[in-house]
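Take a look at these structures.
Two complexes are shown next, each including chain A; its partner changes from chain B in the first to chain C in the second.
For the complex of A and B:
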């Protein structure tokens, strides 16, 4: 058996044509099932986008009809409605939470993964990270409410950023810990022999290598925060102080449901997340540590 | 370049001792190999030398200075890891320049040193590549380049060739040895491959279960193993060990009287272990009968596993032997090359 000689570069995959493979029965069945799942997952979103361009009359009509309109979009974007402000609120809350949670979870994940701490303290923190997300958020509302009143942050974006950070931090920390765990310890040791301080090793070696995990964590935090409803509802007084998720719910009134606007604002809320997911998925799969070892 | 002194160094994890007080010196510019089976403590000792593991007891001196509490970056050492530990997000040039940048070396100096190392290791065309774009052998060279640019007092190698295929390993072995001789840097090289240790090192330290079994030049270990463990570990195929009893004329094994140069007179009547290397057995009509069990022709030599006086032994012949399993051949032993070991303690008998 001969390996690559020292001076040769590993050859790239041949650029030959990819021949379509023949599907076996079970493979066909799998593909049909996957196509079905795709329809089930995407149909409600596509339906919602379709309703955005329908009049309310057409929506509640008993027969199938399509009356194209952009009124729903214009209505929710009008300065009289609070949705523009609510969207900006949501963007600010997501940005603040992602940054704060990203910093905190990276530092915590690194500590849990790499620092020589008491074993039991490590288990306690890691265990808490796993258990805290299981608690019903409603149980935390009274405590949070009192804390925000006492700190003067009730109804403020800062208050919501802090609460969302607290709620997302445990899971984000676990994800970051796993990310750091996957970096071979030899890299850290090589850096320490090369003369890097702990801080330098963290910033120049560990941080670039954990970037895919940080992106994944940030994406999940962003989605969770964007969709967060309970804290937005209970910690704000509604209207222009609340995030978009609360604004959407306000369109469902006791005597009227504005379906068209509801669909329009729903689309507005879903589309950014879908775009972020599609763009970020490539980065997540990038696998930056390939070639580090062996 | 610097000498290294290891004095009664011990290492324990919690209450579990893994290195039980080892002492030896490495001379300035010497190439010393730490060799032993998995778990013998050789890598731990190397990591203590690097400063990656704390020393539980004893002292390590590099260039006369005790380094027990000196962090790795201040020990003036360079290490090549088993998995190379190249920074995957940096190019070859950046990998090699990293330590110099940390030392705040000037751009020109960095360029010079990286260029020199790249020339030595034939890496000039690969400087802009990332580790993932390199083959195993190339990565190994980059890891060595990273060590060379630092111009350290001591090189530490932790099984750097174990991830390469057999052919590449042989060529990298020769290259690494030539490079060390050229640079003249004191080197500690950990390996579990005794052939690697024999071919590369000036001196070999054989370890087992956290203690040193023997220290010596490669051929010294081969010719005069201090105990049964070293006798079995150094040399491939391993030395044959036969149980017998010392008599005035040699060693009695069953009906056979095997020749031995040693003072069998003084050992007379004592149970001993008779060691003979496979290549010190020859076929001769005057020899004792042995039944062939397995034949292994390797091209350059023929190895036979035979049964003799109820015990199995391996023989290696430079000439081609046409024996088949079940055949009876006659073997003679070179008494000058025989080794005797104490049956209880396993230590060499004079």
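For the complex of A and C:
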């Protein structure tokens, strides 16, 4: 009765293969159904990316013909078109919103989670975090429009950064509050016993610890801002003042639609985000579900 | 003095950026909406000219068939998209949980529709549904089936925006329900399996009841998202044909920015928010009633 000798022990299967047992009937049915669903959810996006490389003639033709051309991409990137400026606008708006929203949500989330703050102030902040996401943005548009006219910010990037920050701030604050909740309270107590002020505890202890939550929050904010359309549409006059999402919409003209270029600019807006999602899917999912469930 | 200093302590001051942005700008803007709703507004020489209107704007809404229609069609849109996307989301979550080979990749791939810009979503579906160049008609013709013109007919366009919205947001319902499903207590499920319950019985009698809180939460979130919907329809149908897909948001934009009827547009905004608040209050009231022991004496016994 000896134990298994090294000869008889099977080589350890790599972790990925452990689960690859043979599939039972109902199991493979389940895999097939899921694969079908995945095709339905991805095919429309892939079709647009495919059309990016087709000529308009091939797209309009009723038969199936495929070529490969980069003409559409070159066309929308040419200096005559506003899309370069619009892409830069979008990047500037995203950067500004992520920074502003990051600062405001981290500070507010810290107070909500960790500090003994004025009770009424707490109700006010928590209440607006709960109510603002329920309001349709369109219902606020008339008010924002007038406010921006009064402050002279209508049509400016600053105005759009402010509005995007406002729209994302309640959710971001909630995410940051949850992030601070997860830090063990002992650390904060230790710092305050050692005589650190609230501000000092915040900057030297809490901020480094909450960095992962801040990255998640910033990712979600960045994606939402990059995709934002309504404020860009209503608060700018189009052309080179607007973000990329509005530029895309302006390509759909009633009479002459440049289908290939339309697909190309759509891909331009989508592919960066899809690449980010491949790298950071865990974070995005965590941000989307964590904030929503609570 | 101490009270004064406490008010300006870091704990309170740190909410200042939030308060300036949300209460300051958004709150101020909302007050403007309410004031405009009760005003007649004209632009003369680049300046707004305000005059009090009383309830005129709201009476105008009551008398506008398109306004009433837009509320009704939004209700239909919300009901259809919520039911479909939550049902498909539950199905996908159960499939992914059972799947061995596709579980990881599904989570990444199913994220894609949800993070694509809504404008691009409508563009993607324009490339599919367009009667002239859409791939759907190419497919139908290849299969010798009659071609479709959904975007050109009233019912078809409504069907199309529901389809697009469900495609766009089902990934979110999937993610929420799947997260809840992974967090379920495995013991009850294991026990049921040991007692010989079939997979369907496990789903029907164990998993779905345990998932109910997550499902209801998802329904709530999706319903609010449905009321907010704007971007996809703006490009895909522009509210047409014959205003058949004029959701509340599209109606507000049209009145405020195309017809420059500021008072009416703001009044409709206020009305939308009031109706939404009433609906949410109703949901909360029903939930509170169902939780109270008065209406549900069995609950005590069940929970023990």
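Structural remarks
Criterion: the second predicted complex is superposed on the first by the 235 of 294 C-alpha atoms of A that agree within 3 Å, B and C clash if a C-alpha of one lies under 4 Å from a C-alpha of the other, contacts with A are read in each partner's own complex, and residues count from 1 in each chain.
Criterion: a contact is a pair of C-beta atoms (placed from the backbone, for glycine too) under 8 Å apart; a residue touches a chain by one contact, two chains touch by 3 or more.
All of these numbers come straight from a predicted model, not from anything done at the bench.
By the touch criterion defined above, A:186 lies against chain B but remains apart from chain C after alignment on the C-alpha atoms of chain A. Once the two complexes are overlaid on the shared chain, A:37 sits against chain C while remaining clear of chain B.
When the two complexes are overlaid on their common chain A, residue A:213 makes contact with neither chain B nor chain C. Residue contacts after overlaying the shared chain place A:196 against chain B, while chain C stays out of touching range.
When the two structures are aligned on the shared chain, A:221 is found in touch with neither chain B nor chain C.
By the touch criterion defined above, A:125 lies against chain C but remains apart from chain B after alignment on the C-alpha atoms of chain A. Taking chain B and chain C in turn and counting the residues of chain A each one touches, the greater count comes from C. In the superposition on chain A, contact of A:168 is made with neither chain B nor chain C.
Contact with chain C, but none with chain B, is seen for A:266 once the two complexes are overlaid on the shared chain. Shared-chain residue A:205: touches chain B; no touch with chain C. Shared interface residues of chain A, touching chain B in one complex and chain C in the other, are 197, 288-289, 292-293.
On the side of chain B, the complex with chain A involves touching residues 50-52, 71-73, 77-79, 81-89, 98-99, 102-103, 122, 126, 129-139, 141, 146, 150, 163-168, 171-172. By the touch rule above, chain A contacts chain B in their complex via residues 1-10, 184, 186-187, 189-197, 200, 205, 208-209, 288-294. Interface of chain C with chain A (complex): residues 6-7, 9-12, 14-19, 21-23, 25-33, 36, 48, 92, 95-96, 98-102, 105-120, 123-128, 132-133, 135, 138, 141-142, 167, 170-172, 175-176, 179-180, 199, 214, 217-218, 221, 224, 227-228, 230-231, 234-235, 248-249, 252-253, 256-257, 262, 265-266, 269-270, 272-273, 276, 280.
Touching chain C in their complex are the following residues of chain A: 19-21, 23, 26-27, 30-31, 33-35, 37-38, 40-42, 44-45, 47-48, 51, 59-60, 62, 64, 100, 103-105, 107-108, 110-111, 115-118, 121, 124-125, 128, 132-147, 149, 162, 165-166, 169-170, 173, 197-199, 202, 223, 226-227, 229-230, 233-234, 245-246, 248-249, 252, 259, 262-263, 266, 269-270, 273-274, 277-278, 281, 284-285, 288-289, 292-293.
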